[in-house]
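As written, the chain order gives the labels A, B, C and D, with residue 1 at the start of each chain.
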Amino acid sequence: MLKIGNFEFQSRLFLGTGKFANFDIQKEAVDVSETEVLTFAVRRMNIFEPTQPNFLEKIDLQKYTFLPNTAGAKTAEEAVRIAKLADSSGICHMVKVEIIGCDRTLLPDPVETLKATELLLNEGFTVLPYTSDDVVLARKLEELGAHAIMPGASPIGSGQGIINPLHLSFIIEQANVPVIVDAGIGSPKDAAYAMELGADGVLLNTAVSGAKDPVKMAQAMKLAVESGRLGYEAGRIPLKRTATASSPLEGISI
Amino acid sequence: MLKIGNFEFQSRLFLGTGKFANFDIQKEAVDVSETEVLTFAVRRMNIFEPTQPNFLEKIDLQKYTFLPNTAGAKTAEEAVRIAKLADSSGICHMVKVEIIGCDRTLLPDPVETLKATELLLNEGFTVLPYTSDDVVLARKLEELGAHAIMPGASPIGSGQGIINPLHLSFIIEQANVPVIVDAGIGSPKDAAYAMELGADGVLLNTAVSGAKDPVKMAQAMKLAVESGRLGYEAGRIPLKRTATASSPLEGISI
Amino acid sequence: MLKIGNFEFQSRLFLGTGKFANFDIQKEAVDVSETEVLTFAVRRMNIFEPTQPNFLEKIDLQKYTFLPNTAGAKTAEEAVRIAKLADSSGICHMVKVEIIGCDRTLLPDPVETLKATELLLNEGFTVLPYTSDDVVLARKLEELGAHAIMPGASPIGSGQGIINPLHLSFIIEQANVPVIVDAGIGSPKDAAYAMELGADGVLLNTAVSGAKDPVKMAQAMKLAVESGRLGYEAGRIPLKRTATASSPLEGISI
Amino acid sequence: MLKIGNFEFQSRLFLGTGKFANFDIQKEAVDVSETEVLTFAVRRMNIFEPTQPNFLEKIDLQKYTFLPNTAGAKTAEEAVRIAKLADSSGICHMVKVEIIGCDRTLLPDPVETLKATELLLNEGFTVLPYTSDDVVLARKLEELGAHAIMPGASPIGSGQGIINPLHLSFIIEQANVPVIVDAGIGSPKDAAYAMELGADGVLLNTAVSGAKDPVKMAQAMKLAVESGRLGYEAGRIPLKRTATASSPLEGISI
């Protein structure tokens, strides 16, 4: 059971709703993923424009917890404004702080992320900041009261998977709130790896929506997250140079 | 559906039966893994010594295909003798050629493996040779008529996972028979990775039997193999340096 | 030629002076490294206690530029105090901001590092902040006016080398001031790699002082830094899957 | 001092002579590399056709030891024929067995390589076989009497560097003859890494001839090989998860 603030989830896979070829594929992918948390960029909402197609039109809004993100914000103030807009729509119960600090790499801005997290916590939000894998920054976000920490595995949409498992491990080990690995997941092995490192969940979008067969990939990701979690709980064998070696490697690059 | 010679399998996970703490745990792990192929070292059989405990005593022999291996053989001749011994027991339908060429690393002997494969094929066996990830050697084994190729991911029991995904990819791409990645798998992400590279199956033992909770790890591995296979079929996103990069990485280290 | 603030250096290797077995070995290692910049923790200075042995007693103070660091500081204020203490000694012309935010991993505190950098710049120091490889944080440090950026390759003293070449590349590409890769370098290949990525210099200490033969390792590191720099300038071949592949990999994991 | 058969070399860098833009650049690169061993494909020799330009026309033949290779051979017999052709020219004292078993990947044929090595040893050649990183195959080549073993780091011309440092380490540890890492070196860090693993030398060609500035890269490689060798001799620090960890990693992925 994953608990974030007052929310509880059976599934440890958070799925982004963007960039699907059409809403039918989106819906089917969401279904087979068995996710309980759907994320989306608030700026993509058009709930106040009822004449426009709704990007969640095929989704049963009662079935899911929605995690809007503040993508598009460059500052803490903008992020707060976006979060409040989402909140006012009534379907959003949590907010993912996403403040991009670099348009080329889409990596997050640590200072504005800290600030926005603090402001949104003061407003009573359940706050999940997307952050780099800076270990001390992650701790500071938790100290502010963040309800979960969302470190990136690699740049958004890059599909490069987990570049720095050491930093993710450090973040996971020090955390007393859930750690959701976010951004950069490219394939099932990456999602399994994040979970094996002890992450509490994984958030991904492009890896599914951009796959040749998004529905099948959604199913793969569901299994990968379950598999990695079980592997973490089962306690893997130590790394050894050879099986005949007397002592195990105490490696982190597990 | 995985076809090796005349055999057909739904499951793509082959499980070794050795080194479990006891036969109850062994049985339970085998059950939850949903494997259809069990491997074991013929030298561990004591079918001719009915007063000794049978290492498969808890296993329903009708439910599984057995893949005995020739571990302990140092030469092709020894391997053939061991294979015939297994064959005479009546429960064995295929043989995994395993001829260790180095006691320290447990890496296979390419020359004796080639020779044993040829001899056993001449005897009518369904032959699956365990081999290094030497790409040309793998092709030669197939040219001899091997029914599947079993390249190692890393040394037996090391848990190091896939060290050289490039060689495995080359072997998979050139093969017209199934490729079962064997040896070195340490955790679910490794099994998923092998399958994502396009392997037709994974064989593992220590990763399950040596886990803190072998039964839970068996379940994790079952899901990992399914997940990786689905991921392969679904067609993953390309690697990009950043999502905003104009062109994808054509990397093999996916 | 490496220029940092008003300083110019031929050598791109910065060497730490701590943890040598004795001052003779320290001196010899410093000599053969041909470094021009020596770093040390101000708290290890005992220039005000003339009865104590001086940890630089064998070093010709006229030959080197000294880069004191603020190790031991937990806050920006402490770092400023330490920097001023160093400055008052008269031998120190620059300061490396080093504010550890985690006693276990020795990773830096991004918030206090930003603050200290700003304060010390206001005091007129030439400031080189040691930082994580957070890309946006590095840019903010430069925007404050830092004279060089010192991202870590991996945790201090870990010898793990460059875990995240992508982040280092991003930092190097965006920077208009020198980037000195600091912390985690374990062997010559790591130093060469940092330079090949385009770093302007490398700072290391344990890799030399902790080697079995520190003097020989100092020489190795000197050559590695030169080699990596030349390799960067020479323009390496692209990565290809095979030499017969039609198109190169555009990988970053070069 | 590197000894191979009756030959002794100060330099541990073997340089290929192919694919340079012109012979002036080739000569200059050879000069600054300070190599003592030049390799070339016998089939590119035109010593019997004096009207054709000589691909070594700028090279002082007295200054170097020449290591012709048998590239182009698909079988042991062809390799022997090529080696004898080179021998009859009088400038060649050793032969590198190079029998490609796969046109796409340019990976070597283990069976023909073994056979050619045996045949050429019987003919009295000093024989250096290019081989995959199959550990048992490398031992068999040494048992035949090969004067050095030349395992590949990655496919010829790929620039991917050392993909499997574990196998190279095993080969180096078991060998009683020199190990020269051959093929796949892309940049100075790769050459340094091979030497740090304990290799006795490095052979490369494309990494220099294909660089934007081949002469500068030749110099970089010279320094990288020296640096890696010194680093090996100096004894690097152990890998640790953090410097504050109680026990070092016993990793091989150093």
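In this text, contacts are C-beta pairs under 8 Å (C-beta built on N, C-alpha and C of every residue); 3 or more make two chains touch, one makes a residue touch a chain.
All of these numbers come straight from a predicted model, not from anything done at the bench.
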Greatest separation from chain D - chain, by CA centre:
A
Interface residue identity across copies chain C, chain D - same or different by half
same
Just give me the whole-number Å value for how far the CA centre of chain C lies from that of chain D.
34
Length of the line joining the C-alpha centres of chain B and chain C, rounded to whole Å:
47
Suppose each chain is reduced to the average of its Cα coordinates; what separation in Å results between chain A and chain C?
33
Overlap residues in chain A, where contacts from two or more other chains coincide:
105, 155, 160, 166, 239, 241, 245
Which part of chain A faces chain B closely enough to touch in the complex?
103-106, 155-160, 186-190, 192-193, 196, 206-207, 210-214, 216-217, 219-221, 223-224, 226-228, 230-231, 233-245, 254
Taking the complex as given, what residues does chain C use to touch chain A?
101-102, 105, 107-111, 114, 132, 134-137, 139-140, 154-155, 160, 163-164, 166-167, 170, 174
